[in-house]
Every structure is written in C-alpha cells, then in structure tokens.
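One chain, subunit A, links the two complexes that follow: it is found with subunit B in the first and with subunit C in the second.
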Partner chain A sequence: MWTSGRIAHILLLCSPIFALSAERFDETLSINTLQDGKVSSKFTFTTLLKGASPRNPKTLDEEDESQLYTVFPLGLGQILREYAVTELHLSLNTGRWNYDRWGYPEETGVGTGAELWAWMGDGAIRTVDERWKGLRNALAGLFCTSLGSMDDLRTTSPEKTFVPEGSLPNWDAPHQIRHASLPSENVCTENLTPFLKLLPCKSLSGIATLLNPHKLFDADWHGMSVHVLWRGDEGVEVRLTFQSVSDPLRSAVTRKQDWSFESLFGRTIDRPCPVAETSEVSVTLPINAMYTIQPEPARVENNLAKFDVKEISEPLLVRMIWPRPFSYPQTYHSEATPFSVRRTLKGSSQAWGQLSLVIENHRPTSMRAMYLETMPWLLQFHLHTLQARIDGVLQDKIISNVQYMPSVPHSRPTTLQAILTLPPDTSVHITMDVTKAFLRYTEFQPDAQRGWDLPPAIITPLEDHDNYTIPSYSEKRMYTANLLVEQATPDFSMPYNVIIFTCSLIAFIFGSIFNILTRNFVLVKVD
Partner chain B sequence: MSSKPQPPSSSPPPNNNFAVAFCALAAARTWLSLTGFSSLLDHNQLVSSPLTAFSNLKEGIFLFNHDIDPYSGGSFRQSPLLLSLFTTILPSSSKPLASLLWTLNDVVGAYTLVQIWRSRQNVTSSRRDTLVAAAYLLNPYLFLPSLALSTSSFENTLMLSAILFACKRKPSQTVFTLSVLVQLSLTSIIMVLPAMLLLITDPHSHLASPQPIQTSLRKLWPLFGEFSLYTIVLILISTVIAGSWTWIPQTWGATLMLPDLTPNTGMWWYFFTEMFDHFRPFFLMVFSVHLLIYVAPVCLKFQYDPLYAAYILLGILGIFKPYPTLSDPGLFVSMIALFPETYQYMRHPIVTLLLHLHAALLMPLFYDLWVVQGAGNANFFYASTLVFACANGAAIVDALWSGLRVAIGETPEGYVVVQE
Partner chain C sequence: MEQERPPSKWKNILDKLRNLGQISPDKTRRTILRRRYYVALISRRLTLIEIILFLIGYLWLLVLPLPRLGQRTYMDENALQPAQVNTYWNWDDVHAADNYLDHVERLRDNNITSAKRAEWLQTELGKHGISASTQNYTFSTSFGIVNGTNTYAILASPRHSGTEAIVISASWISRIGEGNGTVNVRGVSTVLALAGFLKRYSHWGKDIVFVLSDGYLEGMQAWLSSYHGTSQSGLKVDPLELTSGVIWTALNIDYSGHSFSHLGIFFEALNGRLPNQDLMNSADTIARYTAGVPVILYDHLDPEEEPAAYEAPWWLPKAIHDIKEVRSYLYQAKNVARHIGYQYNGRGSGVHGLFRQFRIDAITLYGIPAMGPHGFHAIGRTVESTLRTMNNLLERLHASFFFYLQTGPRQFLKIGLYLPSAILISVALMFRGLGTWVNAGWISANHNSKDGALSKESTWRSRKRPITGTLSVMIAMHAFGAALFALVSSSWFISNIETLAPIAFLTAFVLPLFALVIPSTKSEDVAPMHMILKTANLCLTSTVISIITLMNFSLAAVLAVVLGIPLVISSPSSKMSVRIAKYSAYALLALGWLLFAQQEIVKSVWSWQVLLVWFAPFVCIVYVPLVLQAGIVCLLQP
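So, the complex of A and B:
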C-alpha cells in the first residue's frame, strides 16, 4: 500500500513534464497587402494536444479522465469534455468582408456577427440538442458574448455546407451538426480579454503582444475565431485566430501605404513567448512594385518575408515603406473569388417582400455552387416563387436539388439548400417572395423599430464532377452580407388598453345579445 | 350542386327576368375577375387570412408536389382535402382559370341562396329572386375575397349548400356538407346544431307565430351519429392524403392556438399580439369557448325558426372567429335579404349602416398606412377593426330584436312595446 501510494505521488509530480512533452504551441502572424491598399493581418495560435481524442458521449455519465494541461487552454478544454464536442468553430466578426477587393480571407468564417457550429456525437444520455444548449451557454460565459440567444429560433443543421475540417471518430452513433448565427453580435474588447487568457503567454510576450484592442477594434474589419478539431493521427488541435483589415491610407497625409507594427498595432514584439515551439511573422511581398522592408527578414520564401521571433535580441518592429503614393486601381480583378454575390430584400411593405440574390460568375467556365439560406421564422419563404433569371429570361436549369425545411412560427428557422449551376461570365438573378411575420409584443428585441438582422446566405463552389449526396468543395465558402428586415410593430405601451378595449367590446356585444335573448317583448298600455 | 332546375313556373315573366338578370350578374362578376383589378388584392390580409390565402395554398401544393410535407411547418394551413382537390382536378397554376373557378363558386353560392329563399317562401320563383342573387354577387365583402382567391369563398358556398340541403330535408347531404365544412374551418362546428334543427323542422318563416318545437329532439341523435361518422372518415382521408397526423395541429390547431398573428378584420390578432405570455393559454381558451356559448341560447330562442338561428350564428362567427376574412361577416350581411319580414322592426338600422360604412372606409385605409406605407400606427387599424366589430354587433342586435319583435306585430293605438 505504502509503495503504491508513493509511486502514484511521484507520478503525479511528474505529470506536468509528461504533459508538456505531449503539447505543442505554435504562433504565427501573417501580413498581407490588399488590392485597395488595405493591410490584412492574421494572428494564429495553434495548440496541439498530442495523442488526445474527443470524449465519447457514451462516457458522459462516467467520471472523466483528469485534465492536466500546461499550454492547452483549460477553460476551453473543460467545456469540450463536459459536452463531448468533437469539432467546434466559433467566430465573432465586425464589418463586411469585401470578397471582390480582398479575395478569400485566410480564415473562412467571416460572416458578420457571431457564428457557432459544432459536430457532436449522438447516442448519449444527454441528447445533442441538450449539449448544444449547454455548449453555447458555456461559450457565452467564456467569451462574454450573447451566444445564449442562439436558441432554437436560430439553430439549424446544414450538414452539407459545414463539413468537418478535421476527422470524426468512428463511434457507433453518427455525428450531428448544429449551426447558429447571430448577425447582430459584434466583437469588442470584452471578447478579446478572455480570448487572450486562453493563450499560454497571454499578451505579455511573443506575437500576442501585438493584440492591442485600441488598434485592432479601430480596423475596418476585424474578427476573432476559435477552432477545435480532431486530427486522427495527431491529436486535438485548438486554433485561436484574430484577423483584421486596417487601412494605412486612412490617416496618411502622403497617400502612401506605409505601415509598421507601430501604426498597425501600436506596439512592438519585445520578447519571444518561451513555450512556443515556433513563432514566426511572415509578410507577403508585393510583386512588381517598389518597397522597402525593415528590418532585413531572416529568410524569403515564395515571396514571403519571414521573421523568427524566437531569435530576436532587440524589440521587433517590422515596417514596410513605399516610395510612391498609392493609386487606387480602376477595376478590381477578382480571379481569387469565383463569384460576386449581392443579396437584398426588396419591397417597402412590412408584410411581404422579395428576396433577391445576384450571383455573377467571373470565370470562363460553368460553375456549380451550393446555396444555403438559414432564416429565422420571421421571414417566411414562398418556395413556389423561387425563380432564376438571366437577363430577365426565366431559366429552369439553374436551381436544382432543392432541400427545404420550412420554419415553424415562434420556433424553428427555415433551412434552404440548393445547387446552383452558373453559366460562364454571366450574372444570375434569383428571386423569391417572402412574407414577414407579425410577432407577439414580447418577442421583439429592444429598439424594435430598427428591425432585425438576418443571417448571411452561404455559397460554396462545388467540384464539377460532384454528386449531391457527398458534396466536395473546390473552394471555400463565401458569406453574403447580412440583411435588415423591418417588421410592423404593435404599440408596446398598449397591452392593458388592448385587453380592456377588446374585452369591453366583447362583453358589450355579449350583453346586448343576451339582454334580447333573455327578455320578452310585451305590450304595455300607455296611460 | 344538387339543386335541380325548377319546373316552369305559373308566372313566366318574373322567372325569365330572373334568368336574364342572374346571367348578367354572373357575366359581370366573370368580367371583374378577369380584369387586372384582382392583382391589387394579392397581399391584402383583410380579404384572405393565413388560413385561406391563395398564395399559401399554392405554396402547400408546390411542397406537396415536391415531396416535402407541407404540414411540417411554414405557412400552409389549409385542409388536406383542398390540397388533394387542387393537386388533381382543380386548377391552381393558371390565375385566369382559378379566377373563373372562384367566380363559378360564387355563382353557385348565389343560386343556392336564391334556392334557400324560394324554399323559405315555399314558392318556385318570386319577384325577389334577382334581389337575393344580387345581394350575394354584388356584396363587396363577398366579391373582394373571391377576387383575391381566398378559400373562404368555398366555405361560404359549402355553408349555404348545407343550409339548402337542410331546407330540402336531405339529411345525408346536409350532414356530409357540414362535415366537409368543418374540415375546412373548425369554427363552423357551431353551425351543426341549427342546421340539424332545420332538418327536422321546416325552413318557412315562423317568426310571427313563435311556439315550442313540435318534433321530437330524439331525431337529432342519428344525425349527430352520422355527422361524427363522416367527420371520422374525412379525418382518416385527410391523414392518408397528408401522410401523417401533422395536418391537425397545423390546420385545426391554428384555429385554437393562433400561431400566426397577421392582422385581419377580427378581434383575436391584436389581442394576442399584446397579450402577456402567462395569460395567453387562458385567454385562448376563453375566446374559443366564448364562440360556443351562443349556440344553445340562440337555438332555444329561435327553435320555431332554425333558419333564423343559423343566420344569427353566422353573424356571431363573422365577429368572433379566430381568422376571419371579409367574407365571413359578408355572408351574414347578404343573408339579410332572406328575411324581409323583419326589416320594419329593426332597432337601429341607420346606426348599423353608418358603422359599417365607417369601418369599410377606414379599415383598408389604416391597414395600408400601417402595413404597406409604414407610416401609421397599429392602433389606428386596431381601432377600425373595433368599429367593424361594433357594426357587426349592431347588425346582430338589429336582427335579434326585429326577429323577436315580429311576433308582436303592429302596436295598437295607446300601447307601446317594451322588454319585460
């Protein structure tokens, strides 16, 4: 007894060392100059828990294995184990990603507002929906966001568009996806602080030093995201990213694109993060342009200047200087993205309208794409009016494989998935009539006159030879802009008045009718 | 329609006049339905409720044809019987054909009303026939919903057919028509008792000579049994068509739970928009039960003239139905033409008429201002629906008052009529 106790004690003392060897932390910052002179930067912090696997939901009623992490974020790890989540993606963005000018983002999830999707194994005592509810509330607490309002009104299961990025364990019961988006949710300092707490070096050293909220939330577009996925041969990976698009031309008097860590982030990297395996800053160098980059990069590969933060002896302040003023391009070439998409809600009435989607295929070949709409019930589709037109001529070959789940008033949202076949160099107009629902007065948000933000549609290019049952995507998904729907509002100050008026009138009519029914007419002699 | 052409009458001139006038009215309605006027009413929720709108019917048909369960959610709330009819024999894809169908349905409804009038008077034709037909075909409360292709027009025709079958003492036809009607609109169940009383008595006017019902009420039991049988069979047929039981909460359930709060001419929508959540189930129950309260007293009071009881209850439905359209009060208004003997005893016909005018002018105006222009406030439209309810309530009071007052007749010199 004594011996085994002592051995266990020694093992417990040693466990952090084992753990350290089983975890790996890498960080990178990539900076990229965009066509319209803006600068996009993306921070990536990857933690890999080697040899780990997601919790099987069948073991939810048993004691879980102990969680001893050194660099892996414990707060997130506990949530993942508690709700047996296999894969998780959370993104919080502000602003609209301009695909035509900026191309594809490095991190795909750029829909405005909050978006959360998770793959979870089925077959547990607690259903997927119960765990999904717990998950979004736990994440809401962890990141100080309103994810708790991603309730049944907003949850859908679009498994064809959101395919898992990692691998799914081969358990008896199948995996299910839950997806919800909250377009009116913004990202701000109160979300960044808990985000930084998940990093091993916080924002004290390494690349994370540059995550300065004053500068980042001043950028034209910014968003943070959390990705958890399982790589079957390696382990569980947590990837924390922060993307921003800043405009160096906004404040420049000289109309030059010059940027530096100081101008973009207001800080420099003073010392490396000691637990990071690799720590690298890479800057995409422009082609056919004159520029100077300081200091001299450690190495240049494939037009990428790389700086190794592990090796710095003095504070790292990367800057790029352009000798000539910037001239805006006349046109933006959009070869990077296959389409331009515009989605609008037409009609001024508060009871009905028309959803309109214009997709322009830029490529000289015909393309196919998966179109996904997840719409809260307050906008109800009339699917029989779904039509596609090219130059005003009705086309019936464009929309195919429609998969539709109608909304349920006061609860489930609509899910509409369809495959679009887009002819080369053409713009396709897709329209559908919608009705706007009338809500109970308790269902309105504060500031009801402003209207409701509706989530973006998602369009994903498909492989040419693809069949519909197992879609395989040639490129990453694209998000359209959000919509704002204006709904007829009742008078919020009137509930008592309306109850009193209506009840009085009913009582009056009831009384008049029964007055006549219960009394008889008689002849009375007048004196 | 089972109403067969009448044998040649002893007085040919009025009959011929009626045929000519009726055809002219029908032609006028057909022309109106084919003009572009109906497109103005496409989205108007005063003439078609969520339970009767043609766009919802088309959506349901589309989903049904594409193997998506139309009752799994969304806005389709019409009966599976309509779904099966419109996916097989009736036209829905072509608007002109559908307009013609709705007009034909109204023409049949008008002819049924004329037949009811004839059997009440026990004549084969009369000078008033044309007036009765015109009261149905030219009533804006009836032809506007019909132009908007609201399925409430079918409910009206079924209602009138059920009454006509009852007048002609055809029990099976009456009971079957009623059970089809209940499939389309659950609240019509309050018309079952007066229609059955009409079956076991006669449709002639006994308002002037009230007396307790002569026939035994035991005759009602087999009729109720038959009604239940038909209803169960139709429920099963609907379930087979829809493929599951989900149609019941989606159609009948909507009448009881009011999931869709789209504005209409009735009293439910704004009340339940503004209702506190924890009182909602209670008031839903109160409003539903309230509809049933009137059946027994009205049938008791007018046991000597069940057709009049049916007329009063149709008026009650027009005010207090959960999802009314203009065609529900419209049917009551048109049926006034059947009871000329009561006109001179109405209590306040001028007030009723003015209230109706007031509501009929203001309702579309305030609806458009609030919902379409986004300029007005919901309270204005709500107030105009309250006036409309007052107008219909006043009309019912007029009808009840005059229907009972007829029994006293002319007041002799030196006497007045008072309520006891």
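So, the complex of A and C:
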C-alpha cells in the first residue's frame, strides 16, 4: 500500500513536468466593478497544445494519430479530431448582457442561450454539413445541452460576422463556417459539471475552486464558453471561460458594494493548481473612488491589482471594501460600446408583426456596422418593407449592401446581412414587416402557448475603410436581446375532440341548410 | 343438439336495414306528409312559440343572479400556485411606501405639472438602480388636446432573457367616480416602494415593468400603443426608450383612500373583453389567505359578510327580505347589473381594461376607502404574492375561462348558462322575421271578395316579394346612421352639445317621415313593403344580437331587452294619427339618448376617439337604424 501510494505521489509530481514539455495551462480570474455597482468576474483557463495542428479533413478516412494529452481535455480533443474542426466556439449564457451599463464583455459571445459556430475545412469524404451534425450532437453529449436541436432549421453560414479568431490552415479546399443559436437553452449546474471536468485540476485547486454553482447560478448574468482555435506558430489552443455578473447590492442591507470571494463565490482559493504555468487573480481598481482592497496585492499594473495564486501560503480571500454606501447614477454611459441597440417585435397579432431595431450611435463620428439576422423560418421577413428612419423621416442612405437568403418554410432559416451607416449622435429606427408562420400542429413544442424564442441579432462595428466588409475587430460583436414570437396556437388540451366536434357540427349544419335551400319535396299526382 | 341458427336472425335484421334504405313511393309520400304536418304544426303555433321563447329568454335573464345557478370559482392552471409562497414584504417596505406617500401628496397639493412630476418619479425609480424613463403623449380629440407624461421603469430580472414581462401599474388619477380627479396617491407610492423591494430578490423569471401612467385612462392607452407599435389617429406619442419582451399579465393598483377595508376586483376590459379568470381567482386567493384581506367584486359590500353596512331596499317587505336566498339574489343581481353596466358600453371598468386589446390579462386591485384596518402592508403582500404567481407562468394564461359571468367574488356562471338567454330572444326575432316573410308571399284569394264573406275553402295565391325598395330604405337608414355618427363625434357638436343635440334629434326625427309619401303597392300580387321591411329588420336584428352575444354578452342582453318585443310588434295602421304616434315612440327609443343622455354621448365619443371603443359607432350605425326601421314599418301605408 505504501509503495503504490508513493508511486502515485511521484507520478503526480512528475506529471506537470511531462505536461509542460508539450502542453501549457494558464488560468486567470479578472474581477471588475461596474458602474451600476455590480461586479463582473471572468475565469479564463487556457490550454495550449504546442506544435499541434487541426486535422485535415482529407485524412478523415485514414487512421488518426494517437491522442496522448496530459492537461489538454481529451473528451474535447477527440471530438475535434473526429470531425476535423479547425476552429470552434461554443457559448452557453443565461441572462441579457446590458451593454449600456456593463460596457463591453471580455468574452464576446454573450447572446442569451446557446451559440455554436465552427470553421471546418471542406473537401473531405464527409461533407461539412455531415460533420457539423456530428459535432453538435457530440458537444450536446459532452456538455449535457440540447445542442442536438440546432438542426437545419437553425443553421446558417454568416462568414462575414464570424471571422476566425485564430488562423486557418492553408489546405486545398476552402474553409466553411456553420453557425447556429438556440435561444431557449437553459444553462445550469448540469452544464457546469462537464465544463469543470475539462479542467486539469477540476474545481479542486487553483482558481477553478471558486466555480461554485450555488453562487454562480444566482448571479445576475452568467455564461460559460469553450473556444478552440489554431495559432499557426504555436499550436492548438483551448480556452475555457466563465463570466458572471453578480450584484453585491441585491442582498446588502447597508447598500454598500463590498464584495469578497466569500460573497461572490462562497469559497476561497486554498491551494494552487500544480499544473498551471501561471495562475493569477487581477482586480480592476476603481478610479476616483474610496475603497480598500485586501489582502495587499502582489503588484499593481495599469490600475490592475494582481495576486499570484502560485505563491499563496494561506487561503486567498480577496475582498474590496467601500466606506460609503453606493448610490446609483442617474445616467449610464459606456465608452467601450459605440452604440446601444434595442430590438423588439411590435404588434399583438398572431399572424403578422413588425420587427423594429433602434440603434443609437453615441459617438460624435459617423459609424458603419454590420447587421446580421439569422432568423428561423417561424418569422418570415418582408424585405421590401425594410426601412430606416431618423426622427420619423425616411432615410435611404443608411441601409446598404443587403445580403438576403430567404427562409424555406419547415427547413431553412433566413440570413439577412446589411451594412448600416449610422450618423453621429442619432438614433436610427429600422423597421421591417414580418409574417408569423402558421405551424403544422405536430411542429409545436411543449408549452405551445408560450411561443418561440428567437435568436438575437448581431451588430458588428466596421472599420471606416474602403474595404468595409471586413470587421474592424471581430471581437466587438454586440448581441441584441432575444425575442418571443407567438403564433396562432390551437388549444392543445384537447385537440382531437375540438377538431372532431367542430368538423362534425359544421358538416351537419352545412348539410342541413344546403338540403333545405336546394331541394324541395312535393307530391305530384301522376295520373 | 338443438340450436337456433343465428344467421337467420341476422338476416332478418339485415333485410330490415336494407328496406330502410330503399325508397318506395308510398314511403316517400308518408315522409313528405309527415314533414308537412310538423311544419304546419310549427307555423300554426308560431306566435305561441315566439311568446314562449321570449318568456324563457327574459326569465332566463332574471334568473342569472340566482345563488344556486352558478358554481364556485376554481384554479385551472396548475402552474400558478397562488398563495403558496412566503412573502418578504415587511414593515421596512411599508415605511418606504409611507415616505413616498409624503412626497406624492406634496406633488398633488402643489399642483406640479405632469412633466415635473414624471421627472421626479423617474429620479426616484432610478435611485433603485432600475432603468427608468418618461414618455410624453398628446391626444387630439373632439374635446380638445389632452397631453401628459408617463413614467415607466423596467426591472431587468437576473438571468432572464427579457422575452416576457409583467406590468405593475398605477394611474395618477384613481378610478373613484370614473376618474373624477381623485389622485391615486397610495397606489403610486406602492408602486414606487415595490420597485425598490422587488429588485432585492433574484427569483423573478420575467422582467417587471412599472408604469405610472398620467391621467386616468389616456396615459396607459398611449403607453400601451407605443409599446406595441400600434398607431391611432389623433395620438402623438414619444417612442419608448426602454423596452422589454411580451407582456403576459398586468396588475393595476388603485388605492387612494386613507386605508382600506376590502380589496375590490375590477376586471372588465374594453369592447366587452374579459381577462382570464385564473388571474382573478389567484388575486382573490392570495388576498384572502396571504394578506388576510376580504375580497369583493367591485366596490359594494356583500350583505352576508358585512350586515352592518347593508341597507334593505325599501320596496321589499321585511319578511321576504329576511330570507337568506333573497338577500343573496339581490347581492348577486347587483353584481350582474354592475358587470353589464361596465361591459355593455365597451368602456370597461378601469385602467386594466386597456390591456386586453393586446392579449394581456389584467385586473385592478382597488382598495375600498375606509378608516381601516388594512394598508400598505396588506396591499404590498398581496401584490408581491400575486407577482410570484404570475411569475410561475411558463406560457400565456390559456386554461380556465375567458367567457364567464361573475356573480360574486368566488361565484360565476359558465358561458353555457348565460348565453342562451339572449340567443333565445334573438331566435324569437328570427322566427317572427321568417314568419312575416312567408306570410308576405301568400295572399288569400277570397281576401277581397265582393260579398265580404270568407268562404271556408279559401285558396292561397303566391305573390311577389320585391326587396329592392326595402333594401334601399335600409341602406339609406344605415348611411343616415353613419352621418349621424359623423355629426355626433365632431368637435363642433361636442362643444355645443346642449343646443345641437335637440336639433339633431329633431332632424333625425323628421327625416324618416319621408316614408309617409312612399306609395302603397297597388297591386295585390305584390307584397306590401312594410312586411318586407319588417322581415329584413327582424332578421338583421336577430343576426346582430346573436353575433354580439359572443363579443359582448352584456350589450347583446341589453339589445335583446330593448329591441326584442318592440321590433316584433311594429306594424302599420290605417289611421294617420296612430301611425305618427307609433313612429314617435320608436324614434324616441332610437334617438332618446340625444335628449336625455348627453353626458353618455360625451363619454362614448371620448372612448371611441381615445380608446377605440366601438360602442358609439355601433349605436349610431346599427342600433338607431334598426329601431328607426321599425318606426318606418309603422309609418308605411298598410
């Protein structure tokens, strides 16, 4: 017993050394106080597989090289190899990111629900669509999500908005993008557990200790995401992130925005993760405010207080204390977000409505932005009614370069991309009439009277450049809120009785009335 | 082994069945004769049948409030789970509400302008960290220009995508006296305190929208139409700067008195619509069991629960009045009467009524002004718990009832129990109309015989029934109704209503007299016009009543009572004086409102122009022509 325990101990000690040779794991936690008193925190866990490259889809029919990983998540790695995925982004978010108050998120994909997009090489024996289907089913299994329902009804290819974050290998056949979002996906503990399993130290040590579901899923907003990309000169990178926005003022009796690891996460960092190359907690220090931060940070750089988790000797419990009660500002303004966006579905009819998008440019300069709608066929656009107005006056110079792929009922979603030119300090109202689809009764989902969640629209600011189709900074995508569409819905409590009774009654009444109106029996004497 | 062979038995039956399908001349003859016999039986007793239908119909209407007729309300949507949560609203929050009350009373007493007031409200809501904004609106109507400023705030719930929302609202003017100017001070304070309170909890699964609308009804109408992107003529409104998702339910708080003794529930929406009954039942259950407040329908008390506050009607002998059933009947009759009063004219019973046009279920909780014992503590708990109940909804309220007749706070009639009353009367009208049509088509050959004695074997000849003339009269009358509506809803008429209304009455009275000069049909082979007009009028009235029963039962019931017998008994007379007298009676029935209900005209036209309530156009374009046509039937030469 003693020997085996000792061997295990030695192995444990050695494993980081082996890992470091080809794999590198880094973790950071950044905490930021927002202007409405909330606290945003972001966990980042980066694993780099040095020198590796994505699988060329041409080699899909050959046997793959063996996958011997130490810290790189094997479950994910196998999926990536199996479907020859070059770049992959999956985000599972709950809540609506408030750009106006919280500024720009550190991790871009903050659309409510699940969003998955992947770049895959073409030219294989298995088409991109076949592999996309396999990929989403495999990820659905891995993360306990319903990504499997991101079927053809929701898959689009908006390659201009979702440009690759890493680099794409230069294979013979071009790369293709597949994108789908599932706005009604609920994210909770069952998704966090598999997420933690992908980490080398699980949630046992290091920064990941703080990923406590009880606290995280009580936050105002939370989102986890998985990013896989290829850095041509370094290797394949897997970045797992968890963002949350908590409200210390929600339960505070004193109305102070004090926070600590204990209040935000209900835990402290007791020991460092041994395999992590770097492990750092950084807290953004408020400007022009009175506060105390404890314990004393290891160093302060660029207004960032940094704590090195590798060096801790006692449990790390960072806390920030404010002497004065917090009072909410009357106006909120974020420098980082160039505009505010509001999207709503107007009208209370079950047959038609109007999609309305209001974009307010806060900047003193004119801006261009790419507007993307990937809409399931449940809502059908009337493109000729797409209009932009400023103060109620019709403008024809705002919308340009419209790319439109109409939906096909029961099979394909709409993709609408357009470039918007937004004048300085103005709100632009964009409206378009829509028809709400009439569904087959087998197509309704459970809780039919709720309606359907529709995915967010995405606005990407563009560089003011001649070649304006290239986004200036791909990470600056802005997601609007989800929508709920209500179609004409039958009473599902007793559809058959209702149909049968109604039809019988109509047939009976029609038959009788028709009979009376058209026939008359008289007695005729035939002599 | 003796055994009866079943096939022979089956064969017999099969043969019989086969014979059933076969048509023998004799059988057909018998069928036709039998059918004729029954038709004759009905047509001979048509008057009797009509009288019976009328009697049953009117009696049915009287029986509706019977305590034994209805059934108790029950929760249908299991997700709602009313009164199943612990409430957190406490004396701290009551204190916060009291502080707001001081400020709101100061706003009221200092006659602060709407804009200034809205600004203050916005600031206060913003202090809770909730996004708040204001909205200006202007209604240009025949009554001049009405403008105001709404304040609203949206509490973005934690972890919610913002696709659904609940509204809590309080209008600045309370519903006391249909918005006569009493300020809803405590309602507004409650909403302000609730905004701060609700933000402290993370269990909300929908956005919560706080709306403090200006005026009584107009502010909310402006806010709602702006929220849903509908436009109406005469309304200019700022677009909303903050939006949320689809609104499913709304709760309007009306609490203006010092304290309240009961919570009254008001539910009738515009144009005869009703909210889902589950919402009312939840509020009732919660107020009773969570807050311990007695709940009543509207604002009159139940004599059984509050005998002290009850006065016996003078016309009822004490002996009869002492019977419990009689008292219950009277109480429920009062409830039904008030319901009909709120529903028939389509104006609804308050701010909650404006929501239903956008498929939002809404009710008003009205604190009955009293010196005690309940206050902010009780209303806060009721609203908190009701919100939790609404919050439980996964889908729009769709179970339970949308068609009901509430006879008490926990007693109601299903549609099958009240609808037949009006339908039976409309059937009676239809029978009379069809009977007149048949009669118009035949003439007895001996009718005009020279010797004057009707022979027993009179023969019947068919005659023509031209409808062109009748139709043109009807179209002209309806066009005349439309012109009358255009006149009545013009600002010129409204501002001089006291002088113009009698003039309009006289004009409308005189114009149909042209019927006197319509010549009678000389030929015997053509049916007289009055019969055809009566036929068309009765059939149209019956159709109108039947259709309206589903849209607005109260209106249909009122129409059935007002139009039923008068339209059936309209008939011409040989004496000119009788004709004029009969016509005058009908004209008075049709147009009397021009003389005696000028206040109602103003209200109805206002509701049409601001709230799009179709009662005013309906009266002018449908009701007036129908009654006047009955009058014309009397005017026409026999």
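Methods note: the second predicted complex is superposed on the first by the 461 of 527 C-alpha atoms of A that agree within 3 Å, B and C clash if a C-alpha of one lies under 4 Å from a C-alpha of the other, contacts with A are read in each partner's own complex, and residues count from 1 in each chain.
Keep this in mind: contacts are C-beta pairs under 8 Å (C-beta built on N, C-alpha and C of every residue); 3 or more make two chains touch, one makes a residue touch a chain.
Computed from a predicted structure; not experimentally measured.
> So, does A:R96 touch the first partner subunit B, the second partner subunit C, both, or neither?
second
> Using the superposition on chain A described above, determine whether A:A351 touches subunit B (first), subunit C (second), both, or neither.
first
> Would you sort A:E486 into first (subunit B), second (subunit C), both or neither based on which partner it touches?
both
> Pick one for A:L249: touches subunit B only (first), subunit C only (second), both, or neither.
The second partner, subunit C, only.
> Touching A:H384 in the superposition: subunit B (first), subunit C (second), both, neither?
first
> Kindly classify A:K397 by the partners it touches after superposition: subunit B alone (first), subunit C alone (second), both, or neither?
The answer is neither, since A:K397 touches no partner chain.
> Output check: A:D36 vs subunit B and subunit C. Expected answer is one of first, second, both, neither. What do you get?
second
> Once the two structures are superposed, pull the subunit A residues common to the subunit B and subunit C interfaces.
In subunit A, positions 348, 486, 491, 521-523 sit in both the subunit B and subunit C interfaces.
> Which residues of subunit C touch subunit A once you look at their complex with the stated criterion?
28-29, 31-33, 35, 123, 126-129, 156, 158-164, 199-202, 228-230, 239, 242-243, 245-246, 357-359, 394-396, 398-399
> What residues on subunit A touch subunit C, complex-wise?
Listed in rising order, the residues are 36-37, 94-96, 98, 112-113, 183, 217-222, 247, 249-251, 327-328, 330, 342, 344-348, 354, 356, 358, 429, 447-451, 453, 481-484, 486, 491, 493, 521-523.
> Of all residues in subunit A, which touch subunit B in the complex?
Contact set of subunit A toward subunit B: 348-352, 380-384, 402, 404-410, 412, 414, 433, 435, 437-442, 486, 488-491, 494-495, 498-499, 501-502, 505-506, 508-510, 512-517, 519-526.
> Which subunit B residues qualify as touching subunit A in the complex?
43, 45, 55, 58-59, 61-63, 66, 68, 72-75, 259-263, 267, 269-277, 290, 293-294, 297-298, 301, 319-320, 370-374, 377-379, 382, 386, 389-390, 393, 396-397, 400-401, 404-405, 407-408, 411-412, 414-420
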